[in-house]
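Each of the next two complexes has subunit A plus one other chain: subunit B in the first, subunit C in the second.
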Partner chain A sequence: MSDDDRKDMERRIAGARQQRLATLSALEGAVGGGKSLDDMLKKTGAAVLGKLDHVIGLDAPVPKNVPAGGGAAPDVAGRERAITERALTSSEAPAEARAAALRVTGHSINESEEGIDRLLAVMADAGEPTQLRREALRTVRQFRFSSRTLRDKRPELVAALRTLLDDPDLELRSTGAEMLAKEKDEEVQRRLLSGLAGESEPIVDAARAIQLLGYDVHAEHLPLLHEIVDRSEDVRAREEAIRVLSSDPSAAGLLADILRDGRESTVIRSAAAVALQNVAPLEFERHARAIAVDEGDDAELRAMLIAALGRFANPASLLEDTELNQRVERIAGDEGAHSELREAARGYQTRVARGP
Partner chain B sequence: MTTLAEARAFGPRTTEGEIAAFVDAAVPSERWRTALAELLPEETPLYAGRGTNQTKRIRGYVLAAFERVGLPQPALPYVLEELESGTEAYLVAAAARALRGCDGGAAQAAPFLVNAIDNIRYHDEILSFEAYLPPSPPASPTTAVGEILAALAWLGPDAASVLPRLEALQEGAARLPNSMQPALATALRAIRSCAREEPVDCCGTVAPPPRRPAAVTLAVGRARLEDQDGERLRWNEYFTGKPSVVAFFYTRCSNPNKCSLTISRLAGLRKELDARGFAGQVRVAAVTYDPQYDLPSRLRTFGLNRGVAFGDDFRFFRAPEDHDEIRAGLGLGVNYASSIVNRHRIELFLLDAEGRIAAEYTRLQWDPAAVADEAERLLAPAPAPSAWPLSTSRRAAGALPALGIALLPKCPMCWAAYLTAAGAGGLQGVLDRTTVIPVLLMLLGLHLALLYRRARRTRRSEAVLLSAAGAAGVIAGGLLWELPMMSYAGVALLVGGALLGSLPPRTPLLAAAR
Partner chain C sequence: MKTALALNGGTTATTNYLTWSPSPCEVRLVENGGAGGPVTVRLRNQRTDVGGQVVFYAQLPGEPADELEIDLPADGGAVEIYVGGKYPHASIADGDAAIEMVQSASGAVLSVTPLMVRIRKDANLLTPGERLRFLEALGKLNNKGQGRFNELRDMHRASVEDEAHGHPGFLPWHRAYMMDFERELQAIDASVALPYWRFERPAPNLFHRDFMGEPDGTGTPRFSLTNPLQYWKTDNGARIVREPYFRPNEAPQLADEVQTMAYGDEFELFRQLEGDPHGYAHTSFDGDLGAPDTAPMDPLFFLLHNNIDRLWAKWQYQEKRWDASDLRSYPYPGGASGPKWPRIGHNLSDTMWPWNGATAAPRPNDAPGGALASSPVVAAPGPSPRVGDMIDYQGRLNPAHRLGFDYDDVRF
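Right after this comes the complex of A and B.
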């Protein structure tokens, strides 16, 4: 590294350190004294910011070798913990300031049992400001990857997330349900199924509920999804149900019927094609070949199927399909053909020519 | 209310409410314990068509009830299975509760309980057994780790073998969270109190793999298979001609301690067999529970990712057309909700060269070395039938030295007779006192040693005493004082002691207590 580069890096490190300290000072003032965050930022000379995402120090690029806490005075970690504590407990401080503080310094409690307990309590407390609770939930989601202590507090975490299933705020409800669904939680699966079946107030809309149930192939949703695909008029829900049925071999017939049905939209038929390819590849190939050579069928769908055949089907068996190859060759050479179709045909030829 | 007889008819249409009411009505009696235990096998019609969550909740509620009504021995493998391999907090908690239904102690369960803490601590949740579907939050909350620690406290001194592992949970990297420390402290205090010399096990033992040389059905033998490369063959084409090991699994199993570990262990078993020189002599295979979804490419990828080296004698199969025949023919422990497995046990079968089931390993984790030992026994040639039963031969061996002693000369006239005969046979150079006396003493010692060893097993110490008296008579009368009658009497006592010692044991052997 040249001397100039080194000096430049040192300047940037010092600048980042200053920014960090200024941010902490602003936050300390905001959560400690009940002043608005903007007022505190003005007082410390930092730029005036209106939105949570632009709190000083958060957006600024930090040189790679700056240690955590900005490499500033040794008490930075302690200050961060104190700010987080105040953000979680101070009811006088403005909600925006508390949320901003948690966003910036929340990492300081990721291995503190007491800190995590307070974080979960704030998240689950309907009496706390929604902005703060959303920030607490966001912090918990980060901790799921980074905190060993949170792993040991799974019972408390699941209990807190379950309280969000009845929260009036959609973002909290939906994110809480998603986190539980990824954990394959029994209670959220029962609630989602019950909502889909019309037996109780749904937590989230049908498409979202189906998506969440899809995280667990063992959830008891498959028979209901068949019904939804058959009868529902909710297009998003049908599309999602088709996507999730890619885990159910018994749905192969239903998916093939949808794929071949010209009255269905391209979106729905495409979803059926993807699901069928996963659950019954040979069945998919058979129908895909038939549609690919049908010039009366939807061009976008044909393009997708030709590309899929080139990618997934056995090249040796494709080479034997004279009709398909002739049709693809015609499309590839036709400058007047639908552009996506033409590109898919050319891609198919390239892959098939490569052989097995 | 459902009667015990009606419970046997529980099936897919039985509501959860009916099942819960039946379990709630259970009382401590042998009939109720048996009835509840009969609800546990995975393949019972009760679980057909039910989702995984329902299946889990029913099984857990039944297991937890054993704390109240008593844990019968047939249910013990289910409890240990859950503790050893379970990753569902509700079921593990229920198993720990069930253990407290043992009347007395269950020392063998201590290592299972501690292992269960490792399995479940990062998958735990707040749960309750106050009702089948308790309110949220429950009035009587608990956790799986909490129930395990309570079971360890209940075991008390019988859990002394796991004390070091539990102490490690108080500090350091393995430390349990603050909320669990009081329960851990309680368990440790209970274990350290009044340590017993011998742990108590009143719940019986988990039986070793039963050996049942059972033939598979004709339907199984003809079942059509497809392997990981798409090659098709019949069951008997692969599973006869050589001994084979076959495990069951499926690629969508969400419990890493079951199917994924089974396949990794199977790969290890193949290596073990090859290392012992049995490459080409024993086949290894895995068959999927999920033949419609587990296409050949999925079988191949799953195996390769777990160290499987596929070959002629190591293959994975699916049976898309004949899976039901295999499932019924082998009595597989699995059930389904539509096409998805809702619950299965660990199961591995050892088949002989005729394709008959020689051994099966179910529920608990099997050890590749132990399975390899069993396979080796199947490969060993059968011993030639002997004219004498083995036990009779062993008994006769103890009497031979006595007969030999009886034949040796012990008095002057005998010496004369023997020397004359020896002269006639040209053996006069061999048979004299300086040669025979050491031989006589050696035979006496050998006879007494053999008799003593046998007497320890048969508890016939009088045989040893008789022969010892006889030996004294032979030595005193024949070698020291030259009293022929005394030496004859000694020989008679020797022979009598040998015959007495060859009798069968006085009482049957007691099985070692665990």
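Right after this comes the complex of A and C.
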């Protein structure tokens, strides 16, 4: 960015500010005046910000030849707050306009207690349009990063999110459950487990439920997870459970059995390898080595394990492993070998030669 | 006749790393070959067709030049000049740049000093070599979820949010955080610079099995068989949970660079970016990135925040905001010198947790990680940085303020 670049950026900034003002005018008309957002945007000639595209399907170009020096009108913040308030309260305005408005101006209430209370209420209200509620939830998620006021409203946030656990909309249920899981909320943990155990209607599918439980694994969750790995026919759920068991040392035996079982898929065996490496590194090395030298085993799995041995195993002990090194050397020089297996072998040789 | 060139106050290769910002360079005669008086030498890039390139400054302030002629005292006294990377010619590998010093009279090459113009780049545009070095260093830093990575992760928990979020110090704190992280990577591989995820643009090379993982629709990023991130581990075990709301050949919906710059020409207005695009970048995913407490469990977090820092750097360049005494650069000097933000840690003169080791209320009750990592290349900001130390990151007001990083699209 030379001075010419600064001037070009100034022009583009001025254009962006003009574009924003035009969009605000369109939104004011759409949420306040009962007009169609489409009509308002055409009337004001507003270029639609990318964030609105998926809502109303327009993609107008950025206005050209905007003079430099244009700046935001001083009342932009006030206009944005007013638009947000109308988006959250105006039941007459079309849902898509309310959602679009919230997307564009919702940030204006991020430190407003009243605004956040209203936002949480809309999010939790099954009588509001789903499109608007999803946008409200998106805004709440964003506020988790930027709003001190929302941080101080954790009880209200949790209460509002819990109402989503029984919502008919999957996106609201799933995202609400994830937010609660990250808050280590006991209610969502109870509901997820209950669904997995078949004791109640699941909030989300089994794999997703296990994924969310993984944010705060308790000892009492483990038997169910072991059982799912051992017996479930749901491949995704098994894989997810294996990933969560990567924090459970008592799962080492189960994980090792899966890793060595040639009847399991490569995806499942790979997941078990990663998990076993975390809970029992030495046992992992033993099994990884045995598979790495077995030319009858799956090439992709062997590639993954050879790479892992080169990264994690003690280089001194690897140097002494004549059988492994000879096998790796053979693979590394075999142009007909599986390409990723050969790449893994060469990477192993480089790392081992480099030493610790 | 022999000469020596010392970059960044050092005489070993560990200090031969430059950014766009001018770095101190000492040049001297080591053997004067019987010269009775000063010897005139010319400094230049050894090659101009490949690799990183440098420019020379006879003094600061001053204009950069592709070559510089100086007189070296015959008694071996040092001549101090400055050297910086020549924008936009960054290195792609360690030692791919070199300063050649020739005797002006004879044209004889007296010394060649390999170096690297080490610049933070768009992750989607890295070469395979750059990507692999970064991933290997990242994997070693993670070290199966142990050691230093754990401490870096623990700096960004929900319990400590007031240190870093929702207050003006959001940008300075995260600049220090990214610097700490990058210096730890450089302690493993000095050729690594932390790349950034330019989230307003599609990044198919980033969301790829060979890099940060390809989304599979279920929240499990899929890695190639030899990708070090296969074994990424944090407090939740060996897994990354990440599912984007956008396809790899698309970008998430958030404020783009120009819209972000348009927030305003004063810091208090510009810091709206904490909501959009920062908050929306995080929440354009289901999974770890979607909440402050869990976000650093995903290595993509560090590339996301590096882009936030790049946007701040770009805004600083656009609006010329490097002077910490200018309230438009940062409006809360604290103390008696001006407006004061009520929460400690967000005024210019405040030190920043956790690097300050402060654990008395209202600070958190522990401070993981200890002092901010040092660098062999620069002395700033020291082990316990202040908010104000993050403003003049290129050393424009004082070369001693340099923090040792630059971005590929923000010049000096």
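Everything below uses one rule, namely that the second predicted complex is superposed on the first by the 322 of 356 C-alpha atoms of A that agree within 3 Å, B and C clash if a C-alpha of one lies under 4 Å from a C-alpha of the other, contacts with A are read in each partner's own complex, and residues count from 1 in each chain.
One rule holds in what follows: contacts are C-beta pairs under 8 Å (C-beta built on N, C-alpha and C of every residue); 3 or more make two chains touch, one makes a residue touch a chain.
Predicted model only: the values in this text are computed from it and were never measured.
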{"item": "Subunit C versus subunit B, contacts on subunit A by residue", "value": "C"}
{"item": "Touching partner for A:274 - first (subunit B), second (subunit C), both, neither", "value": "second"}
{"item": "First (subunit B), second (subunit C), both or neither touched by A:112", "value": "neither"}
{"item": "Contacts of A:247 with subunit B and subunit C, given as first, second, both or neither", "value": "both"}
{"item": "Touching partner for A:222 - first (subunit B), second (subunit C), both, neither", "value": "first"}
{"item": "Partner chain in contact with A:17 - subunit B first, subunit C second, else both or neither", "value": "second"}
{"item": "Partner chain(s) touched by A:190 [first = subunit B, second = subunit C, both, neither]", "value": "first"}
{"item": "Subunit B versus subunit C as contact partner of A:130, first or second or both or neither", "value": "neither"}
{"item": "Contacts of A:158 with subunit B and subunit C, given as first, second, both or neither", "value": "first"}
{"item": "First, second, both or neither for A:232, with subunit B first and subunit C second", "value": "neither"}
{"item": "Overlap of subunit C and subunit B interfaces on subunit A (superposed complexes)", "value": "151, 217, 247-248, 281"}
{"item": "Residues of subunit B that touch subunit A when the two form their complex", "value": "50-54, 56-57, 89-90, 121-126, 136-137, 143, 176-179, 252, 254, 292-293, 295, 337-342"}
{"item": "Complex contacts: residues of subunit C adjacent to subunit A", "value": "139, 144-145, 161-162, 165-167, 218-220, 224-226, 228, 230-231, 233, 236-239, 241, 253-256, 258-259, 261-262, 264, 272, 274-276, 278-280, 282-283, 286-287, 290-294, 314, 317-318, 409-411"}
{"item": "Interfacial residue positions of subunit A with respect to subunit C in the complex", "value": "1-2, 6, 9-10, 12-13, 15-17, 20, 49-51, 53-54, 72, 103, 107, 110, 138, 141-148, 151, 174-175, 178-179, 182, 207-208, 211, 214-215, 217, 236, 239-240, 243-248, 270, 274-275, 277-278, 281, 300, 303-304, 307-308, 311-312, 340, 343-344, 347"}
{"item": "Partner subunit B, residues of subunit A touching it in the complex", "value": "113, 149, 151-156, 158-159, 162, 184-187, 189-190, 216-220, 222-223, 247-250, 279, 281"}
